[in-house]
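What follows is a single structure, and I will ask about it in a moment.
The chains carry the letters A, B and C, assigned in the order they are written, with residues numbered from 1 in each.
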Amino acid sequence: MKKYIKNIVVCLVCFLFIILLNFALPRLISGDPVAYLTGMDEGSMSVEQYEFYRNALHIDENAFVQFGYYLKDIFAGRLGYSFRKQASVAELIGTRIGATLQISFAAVVISCALALVWGLTSGSKKGLLDKVSTPVNVLVGTFPTFLIGMILIIVFSFDFKIFPYSGLNSPDAEGGAAYFFDRIYHLILPVVTLIAVMLPSRFLLMRNTVRTAMGERYVLFARQRGLNMHRIRYSYLLKNVAPPFATMVGMSVGASIGGSVIVENLFSINGMGTLLTDAVYALDYPLLQGVLFVSAAIAMVSIVLTDIICIIIDPKARSEGVK
Amino acid sequence: MNKKRLTALIIGCAIIAFFVLMAAFPSIFTHYGAKEMFDSWQSPSAVHMLGTNDMGYDIFTELVYGAGQTLLISVSSGLIAMLLGTVIGMLAAMNNLVGHIFNGIINVFMLLPKLVCLIVVAAFLGRSQIATILLIAAFGWVGTARAVRARTLKIANSVFIENCVIQGYSKLHIAMRHVLPNLYDVLFSRLVSCVSGCVMMESSLSFLGIGDLYNPTWGTMINFAFRRGAFIRRAYNWLLVPAVAISLLVLAFYLIGLAVKKREA
Amino acid sequence: MKRCEKPIIALIVAVVLLCASLALCACDRDKKDTDTVYIGTTALIERAVRGEYNYDMLASGNSDMPLVSQTADGNYKPLIATYSTVDSKTWTFTVLENLKWSDGAEVTAEDILFTLNYNDARGEAVFNDKTADNDGSIKITRKKYESYLLSDDKRSISLTLVSANIRELSNMTSFRIVPKHIYENKSDGEITADDGRVVCGPYVLTRFDRESGTLVYGINPHYPQMPTVKRLIYRLFSEPDIMYMSLQNGDIDTVWNYSQSVPETYLAALKANDGLRFYSAPSKGVRAVLMFNNSAAPFDDVNVRKAISYALDYDVFKNMFGGENASVANRGFAPMSTEGYKSTEKLQKNWETAARCLSQSGYVKPQGARYYSKNGVSLAFYLTVRSSNALHLRYAELVKNQLEEFGIEVKLDAVDSNAFNVKTSNKFAPDGHTSLAHQAAINGFTEAGMGMGNGLGAIYVDKKHAVQGGCQAEGALFSEITTQLSMADTVEEYSAAAGRLQDYYAEETPLIALFWDYMTYVCSSSVNNVVIDGVFGINNVNNWLSATKA
């Protein structure tokens, strides 16, 4: 229990760190903080506008007061206003986050499930499967995200023309079921790309954990008793491997958001990732900060959730508190 | 060392040596200038091994000169990350408040969504090469710190350290003269994975267009290919070859790490 | 829980496969509506309402029409109003018969008057002078019209300009009107998105799907003429590459971006496709401009500017970036189809002349040195360019390669659009600036931009222009020529003044056109009777009123 509580605390500290980073960056970097915070250059604002923003952003007051206002804004859900795009940051992210989450969550769920099964099977047997899987996964793990994406696009979209290479929907799709299936159709390649990126490291992690666990005594005893491997895997190993697995799932979400930035760029999907790259090209600082905040929030929430799930399912953790 | 580990080591070293040679002595590999212009969009041929890109530059030449850029940024950030990681790892192993704070810092950095943070801070810091190197190092030290901390904890419990403490040596002296030399094998095996991590981060950043546009790294070359019409012309020589080069580099580091790691098992 | 796992996993895999195959079947990708034209664009559109610049440019071609249109060969056609003038000073616009807004209300000249006042209230110098305080020095933008007269039946309005302008109609090609009956009693915050989509053109926006990036336009039932194309669907792309690939695959019928021609990179790949047709029209815009800051070193020296104009190899620019109608530009800058064009000396590479120009200012390149230098300082400058524009980056890189080969050091300054505007235009520069921050910049001038003000790109050259002025040129001769241009009452007077301006460009070289080219448009061969517009290219109202899709 203590370990997981500690994890949750670390999580919150991390979140605080992101908030501080978001707060400090525009005010510490050389240059005008007003420019960084509004996203507009001081040259493009009239004197009155500049004064207005200076006051509204409380630049002249001391750091703690500014931080107080900043926290107040965050809790009110105000993430800033993007002048380049003429819309509030919260609104911009809100419309786009659906696409990113669709890709990320699907990829996380499928890749972790696959990693679990594959890793369990491969780690518990020293056979041909392991000999082939491990090098293949190592090799694919060295491929950068965009390489995998580009190969998939080239093979499946250009040469075989099975899947579309861009967008989330065809322009003609309207209404319930057709729209839904059209969306899945467009999401297949991006999700597969992200799975291919995330699977190797998860697989290797699971496999190594299982490999180590195979050396434990309870496995030896189970085999002595004549239980078959399948039983050992799913009744014994699984329960012991579950906590690190759950932690891995939680941390995967953060990595998948990063990966989805590249995937969305490749596949021209209007998600948070392309919003981020747009913001970088236009140096739209409020939008950048907003996206960082939301990504961190998602990552933290998923880690905390998985830790809570761990506490629930892991009897060792619960009984630790009793001691 | 058995044959398999030896082959892995040799292959890994050979690849890295090849790229380092490319970076240091580009003129051995290609006699074309980096910005010398020929006919655009040529396919691979005897004259141009990988063809030419949209501006007419020889792609193989760009690859050779890009090797220098890529390695410079990756290796420097890797080394800085290693240094940072070692220091923080040793500090985190200490048994007092400082140790707990640094341990907390390690855990915090582990949880950050790395790529998004990198992109945002890179946008604030601008396009300079030094900023990029420092930035990548600032997010790449975590794995090293964890490994160093774990090993330092183990060492700290051994008898000879106790002996040093009894003798009254200062903590700094113990750290530098006694603990550090025992960390070398951990450091070496972490060096390779740290640098390869930096390579991946650098290539992701430059693929998204953040980086020097005139002296392209491999990632920037792919960005250009992607945005300047390589897909529509099916110019896979421009699109895929730099990405394969990146994979080879990372693979080489992994192989070396593999060969070294098994030794201590 | 023993053997449950395997079936569960098998079930999950089966469900995924089922979904995938259903998705594959359900999407009839070959189904294409033959009454719909699919248009791809890379314009960044966020809200799709009147007032968003990129959206306004797109909507000008289907729903939110400007007053008049200009055909590819330079003639004007009424879209909202017919026009007449006797002395080019007083223009009378008469709204067309039966023109109605999409909510049924009639379009009258009162809407025109309302729009003019609406713009005036928002800072445009329409009926009143506008002053801008520039850190002490007051800049006055003179009003455009001195009076107006609304006819009794409210169908015509006569506008009298402060001074005669024979090219007034070209300004009207981008003048769009707002519905008075909706806007007059509402403040800016009360105008809803639906209000912003009430238009008088042949189409009306029926659906804006931001997630998939599509804009769907259906027919406006109140428009007096039935368009031949029943539905327009615009697909928003983030990358031109993907857009042109969609075109190749037949997923879209045509491609449009405001004032942009199909880049040569894609043309070569697209020409191999038999299902595509290409349309060319002479362009009044210059898409690749090397602007000098004539008020700052080193380009305040005409010899340095001239030297560069002789150091560049224009044939390379033309061949690499230009299509089959491309040509090396003249020193007079304005393309051949410009009103008042005068033939001047062609730009050409001549390193001896360039070296001579430099030596006249004291720059020498000793044996073995890489760059020209004066008093020990090498000749070097920063070339500012938009980092988001891939084409401009390539122009900049080519300029850098060529000039460095000649012996002038060029440092690339790739900045985001905002910083670029701050450095290269008067309106965005910091208050109180004496000269803009750039030394030289790569830019592109649209047809509209070239025609604004006195025409011939003067707004970009004139240091005194309130908005642009990138070249920061000034001086007695230049002022005299611009005054003569603005005072011209007849076509002849205008041409004479225009000729003098082009001679000035040729002699003083405030900016260089890297190459001239036609505008090239591409469209699927299933679309016939395509009409190209002089300002809006393939996406224009007249096109949708005549084009047919097979």
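Here, a residue touches a chain if its C-beta (ideal position, glycine included) is under 8 Å from a C-beta of that chain, and two chains touch if they have at least 3 such contacts.
Source: prediction; values computed, not measured.
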Would you say B-C or A-C is joined by more C-beta pairs in contact?
A-C
Of all other chains, the one whose Cα centre sits farthest from subunit C
B
Hey, how far is the Cα centre of subunit A from the one of subunit B, in Å?
22
Between subunit A and subunit C, the Cα-mean centres are separated in Å by 40
Chain centres from averaged Cα atoms put subunit B and subunit C apart, in whole Å, by 44
Mark out which residues of subunit B touch at least two other chains, giving numbers and ranges.
209, 226, 231
Within subunit C, the set of residues that touch 2 or more other chains is 239, 242, 245, 387
At least two other chains touched by the same residue of subunit A: list those residues.
281, 283
As the complex stands, subunit B meets subunit A at residues 104, 107-117, 119-125, 196, 200, 203-204, 207-210, 219, 222, 226, 231, 234, 236, 239-240, 243-244, 246-248, 250-251, 254
Once bound in the complex, which stretches of subunit B touch subunit C?
35, 37, 40-41, 54-56, 127, 209, 213-214, 224, 226-233
Give the list of subunit A residues in touch with subunit C in this complex.
40-44, 47, 84-87, 92, 95-96, 98-99, 110, 113, 117, 162, 164-173, 177-178, 181-182, 184-185, 188, 230-231, 234-235, 268, 270, 274, 278, 281-283
Within their complex, subunit C touches subunit A through residues 1-3, 5-6, 9, 12, 16, 19-20, 22-24, 26-27, 29, 31-33, 38, 44, 46-47, 52, 133, 209-214, 216, 233, 235, 237-239, 242, 245-246, 387-388, 416-419, 421-422, 427-431
Report the residues of subunit A in contact with subunit B in the complex, numbered from low to high.
7, 10-11, 13-14, 17-18, 21, 25-26, 29, 36, 138-139, 142-147, 150-151, 153-154, 158, 251, 254-255, 257-259, 261-262, 265-266, 276-277, 279-281, 283, 285, 288-289, 291-292, 295-296, 299-300, 303
